[in-house]
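Just below sit the structures, each encoded as structure tokens.
Consider the two complexes below, in which chain A is the common component and chain B and chain C are the respective partners.
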Partner chain A sequence: MMTTSPTYRLEETADIGLAQKWLSLFRVFMLVGAATLVAGALLGGDRFWSGLLLVSVFLVGLGLAGGALIAFEYLSGAGWSVAVRRVPEAMTSFLPWGGLGVLLVLVLHPSLYPWMSHEHHFAGFKAFWLNRPFFLARAVAYLVIWIGFTRLLVRNSRQQDLTGDARCRQRNVAVSAAFTVLFALTVWLASVDWLMSLEPEWFSTIYGVLFFSGLMSSGLATVVLFGLWLRRLGPWRGVINEEHLQDLGKLLLTFCTFWAYIWFSQYMLIWYANIPEETGYYIHRVRGAWGSLTIVNLLLNWAIPFFVLLPRNNKRNSRIIGQVAVVVLVGRLLDLYLMIVPANREASALPDAWVVGLTLGLIGVAGTVFWRAMKQAAVVPVRDPLLGESLHYHQ
Partner chain B sequence: MSRRIFMGIFEREEDILGAARAVRERGWTIVDIHAPYAVHGLDKVAGFAPSRLPWICFALGVLGAGLKMWFEYWTTAVSWPINVSGKPWDSLPAFIPVTFEVMVLLAGVGTVIAFLLSAGLRPGKRAVLPHPRVTDDRFALLIEEADAVFSPVEAAALCAKFHAVATEEYEA
Partner chain C sequence: MSTDAQHQNLRPPWILGNKSLSDVSRDICGIFERKPTALWWIAFLVAASMLAVGSAAMIYQMATGIGTWGLNKTVGWAFDITNFVFWIGIGHAGTLISAILFLLRQKWRTSVNRAAEAMTLFAVMCAGLFPLIHMGRPWLFYWIFPYPNNRGPLWVNFRSPLVWDFFAISTYFIISAGFWYMGLLPDLATIRDRATSKLRRWLAGFFSLGWDGSYRTWVRYESLYMLLAGLATPLVVSVHTIVSWDFATSVIPGWHTTIFPPYFVCGAVFSGFAMVLTLMLIARKVVHLEDYFTHRHVGAMCKIIILTGSLVGLAYLTEFFIAAYSGNPYEQFVFINRAFGPYSWAYWIMVSCNVITPQLLWFKRIRGNLMIVFLLSLVINVGMWFERFVIIVSSLHRDYLPSSWAMYTPSLIEVLTFIGTFGLFFSAFLLFCRFLPMIAMAEVKGVLREGHHAPAPAPAAPVRAAQEVEA
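After this line comes the complex of A and B, so read on.
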């Protein structure tokens, strides 16, 4: 069992030797990613930049999912997840890194977006919305809002470790309420800006919800994996048990199913209406090699997690839920790949070396940044009044 | 066939949890536990077999989805083929929403009915309470007396150790 000492920190509780092995692996991955970044910036074409957009949006999504999970916990007054909260808190520090990657693409390679070229002339609202200065200003505004609010949430939570002040929780409930509203608006707009406008003639009003559902399932999968990692390294031994895993598994199952529901809602309406300006998006994605990838996408993001996580005992089994989490994360990569890369109709469906190198970099950055953020505070919110409830949690 | 039941009545959830655990450690069989509200961890302590309802729910869901899918295919592609905006007769995406609804309906309503049947909760059924206050502020632990290892004297002592307010033996 854990002690209630306020200095319940990572360095004191983790098996440092084992942690160092992981961290050096992450460092190697980060170097691979950095080398890919430099080489791609100098030599790479559209494929490199769409890969960079992919991994950056992926990382931003994990950070946002962290913020959303914290906010949902405060707003619902959930007790069970308090012991887990430091993981989503640490995940919010992915936001600046992912944001930097997105900005690099938008500034250095705007030609990924066909509407940025001079041949495109929009009228009316599209001309007002899709122009470079406003587009960049919006991107910066989203990132400032996300980073600002998540920093506030994390700061109040860490403050409580030191002071034990119950008002920290009340303040965070208010911050969470404001963040949830802004989160819904900005996540929707950012997905439309960064991903949907890759094909500016095409539109879908449910696109933001689809992006949100994938963001949440990949975020929950990441919480599961980091949680199991911290348990193996030591700090979370006796902190999370099968009861927490089962609840995380339930949420993961829910959001995978929600993703499938939204994915199909978008697909079916476009298939049914069969209007030329909408259908082109899917015709390209359900034929040939892209079609095979679309089926694999549905398997990874819904069918496998759904049927594996349905029985109670599978959610409580750390091996099984860990493997499902990996499947969901690969699925999220593929989902974003299918959103971004086929926007260029000539692009081949086969993943290229750029994406592989950048994905390794993504894992390296995520692991390293997570570890650094976890080091900055106790591994559980030691003075949160609901921590006891979370540690003694039963289904 | 009637069986003899030994019943202990308790006032607090800690006591019923402790008593149930002690009864199981002695190897006696717990017939049932009555509590006014859901007590965390009680089902684990009592050692009841896991509910079969999830499997019934899953089977009904598969059945509902399968039947509805077949019915839609049969009506629109076999029995009375209808051309809707030039789409193929067996247009699977168009069948999915109704298939989903029927799956949820059959699984949801069917599971409730299966629960009512297995619990014997038919209309007009009189409540059988081992003690009138188990729906209010008392906990009842029902132990089977058939076990060779069972001893009413020891059972009474065990219940007393966990602050039982009353014990009773009866035929059920």
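After this line comes the complex of A and C, so read on.
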């Protein structure tokens, strides 16, 4: 356990009464999620398991975005975001939880992936890549890499709180570099494995980039929400101000636009070339109820955040940027929903009770795990040499 | 070490030599206020002769027709398009540095943005020549403008990425030129104020648009600069995205792949940065910019090169992986043919220059050795040319029908044309160095006090205003 100056601890700085209310709400959500999980495991069909995959990948994505944001901060030598860093650090503790959910799906309900049944007989490389033991081993390997590296980053950062040692930062720059390289490779392959292979005949080279872009926008939206929450509860009062919100807003705007760019690139090229083995993926997703959801997806993940966040004052307004963050997170759920559920061509577009229960569980787990992780260290990296720069930062 | 001392280590100054504001004006304006050196004349004459040779080749092929090229009916696109994409890619660094790095508040950009933007403009001019010549009847180039005309129902095909290309590149050129000129305004005023000859004072005065250095002028200038940066940012991405669509919208294996847009943009930034490094490292030595373009600047550029080079490497890997994963035999054939077919030499040049070379820059000692960095930047330039050649030619030369398989070799005329564009590029760049400040003086003055310096006199009012807006 870390011991730091008492004034920087979460318990001492937060309005505990208000925090308890939130935490009880999260606990209720967690119970709903747990109940859904048990009921689904016993009674649920494909819809339940695809819902579990959805929320688990969502949670893994938030953890990965946390790791990526920390790594990018160290590598770019950014100063403005140092005061915010404890939030992405805490987000990395979502990884084991999300990873567990993914593994549950892969182990308990492999038939979600049509290639795991015997109807598919692939030859050559595809048979080698899409075979169950290797697939599971890869999933475990990705998770070990992600959890291992993010733990290392967080440990070094917390270490610096105690020692103030300049080497902690240097070490984290090196860890960040290694993590970024592995992150690029594993996130890309994991997106191919866990999501793209739900429709094993279909393929797209940009898929990993699309997954990454959504992961980053949802991660930034989560940082914004948790940051505002910590400010409301007290620990971050005087730590983050409009300047930080504006920068987070700029990044959120950027990644939402990046997502739209990648989404459009994939869609446009497949539409234009019109090759049957590729278009099947979209034909199903742009018709009927799925088509309406695809349009809503573009609104939530790009149009709304883009136009609302463009004016400077909206980025600096905590209410507006908070609402946009919620929109982006709903958008990310919908985006993953559109990636996962229509893989089963018979599935109806309407979300069912399983998804709703699991999403509540997702919120509950995220809130509770986040709070627990934040309690383990000071609310800001107190002895990071760039902290002063971040606290006094103005645009 | 105390936290303060650590902070000093993390934030050293960008500009060395503890310069004052007037030192900056003197150092930078001095470059073109002196008489050109013999070295400059030699370089200019070499570049101008290359341009002359290239012009002769261009005139010859326009008069004779593009049958003078080495194309055949299987390989209908080759050298010309390779050079086009190569130059357009180089033209990406300038606006990236001036617009995107401005929005990201990367202060080191101030030492390179002016030269990089100029380079962008010249590179885009070189690129534009190739499609123009490829039209066969370049004097009818204006037919690509969609305007009501007397040619019957002859309109451009709005669904063709080649038309989008025309729009994207001309927009990019106009905005980049406007951005560059805008950034020049305060420096032109400095030139005007320092001018000793009447002609220079009049010209610089005319083009500085009556710059008076007042607070109000600076505020307007800074807000316009930021707006232009915001507008130019999507353009940086869109140009190479659309260039990639020239290929990716087709149904040719090796060309049609969804990752092309971001992959091409990364490659463009990669090659552009390599070219900026090449030019700036030469300029640094020749006109003594050591205090302005420091090891830290080189280091920052090297890091972007590692990032973009590795992303390009990841894209190569993705293409290979998905070709294998897809189970599509045509897709797989293209990639096996790329790596092991008759053009495998080009492929391995590409991989070793673009993927392996930048990895050397992970080492601080290599980044610190400017001679090695310079050589590596040349290697990357070569590699990125080969990347386009590999994508274009190796995907075409062995199509679905083995009886029509063919090889492509460039004709002398094509090679001379390419040399001519280098002549154009370097002549223009050398002229730019002779007549305009290579470093954005006003911007560098704004970052003079960045980082931990010895105490210095307080900056003058306009600079402080600039700093405030920039910060």
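By definition in this document, the second predicted complex is superposed on the first by the 388 of 395 C-alpha atoms of A that agree within 3 Å, B and C clash if a C-alpha of one lies under 4 Å from a C-alpha of the other, contacts with A are read in each partner's own complex, and residues count from 1 in each chain.
Rule of thumb we're sticking to: contacts are C-beta pairs under 8 Å (C-beta built on N, C-alpha and C of every residue); 3 or more make two chains touch, one makes a residue touch a chain.
On a predicted model such as this, the values are computed, not experimentally measured, just so you know.
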item	value
Superposed partners chain B and chain C on chain A - clash or fit	clash
Contacts of A:272 with chain B and chain C, given as first, second, both or neither	both
Which superposed partner A:262 touches (first chain B, second chain C, both, neither)	second
In the superposition, chain B vs chain C on chain A residues touched	C
Contacts of A:46 with chain B and chain C, given as first, second, both or neither	neither
Contacts of A:242 with chain B and chain C, given as first, second, both or neither	neither
Partner chain in contact with A:389 - chain B first, chain C second, else both or neither	second
First, second, both or neither for A:312, with chain B first and chain C second	first
Selected from 99-107, 207-215 or 423-431: the stretch of chain C that, after superposition, runs into chain B	207-215
Contact residues common to both interfaces of chain A (with chain B and with chain C)	268, 272, 394-395
Touching residues on chain A, where the partner in the complex is chain B	264, 267-268, 271-272, 274, 310-312, 394-395
For the chain B and chain A complex, residues of the former touching the latter	40-41, 50, 54, 58, 85, 87, 93-94, 96-97
Residues of chain C defined as touching chain A within the complex	1, 3-4, 6-7, 9-11, 103, 237, 241, 245, 248-251, 256-262, 303, 310-311, 314-315, 318-319, 322, 324-328, 362, 471
Residues of chain A that touch chain C when the two form their complex	75, 77, 79, 122-126, 129, 164, 166, 169, 177, 181, 184-185, 188, 192, 203-209, 250, 261-262, 265-266, 268-270, 272-273, 275, 277, 383, 385-389, 394-395
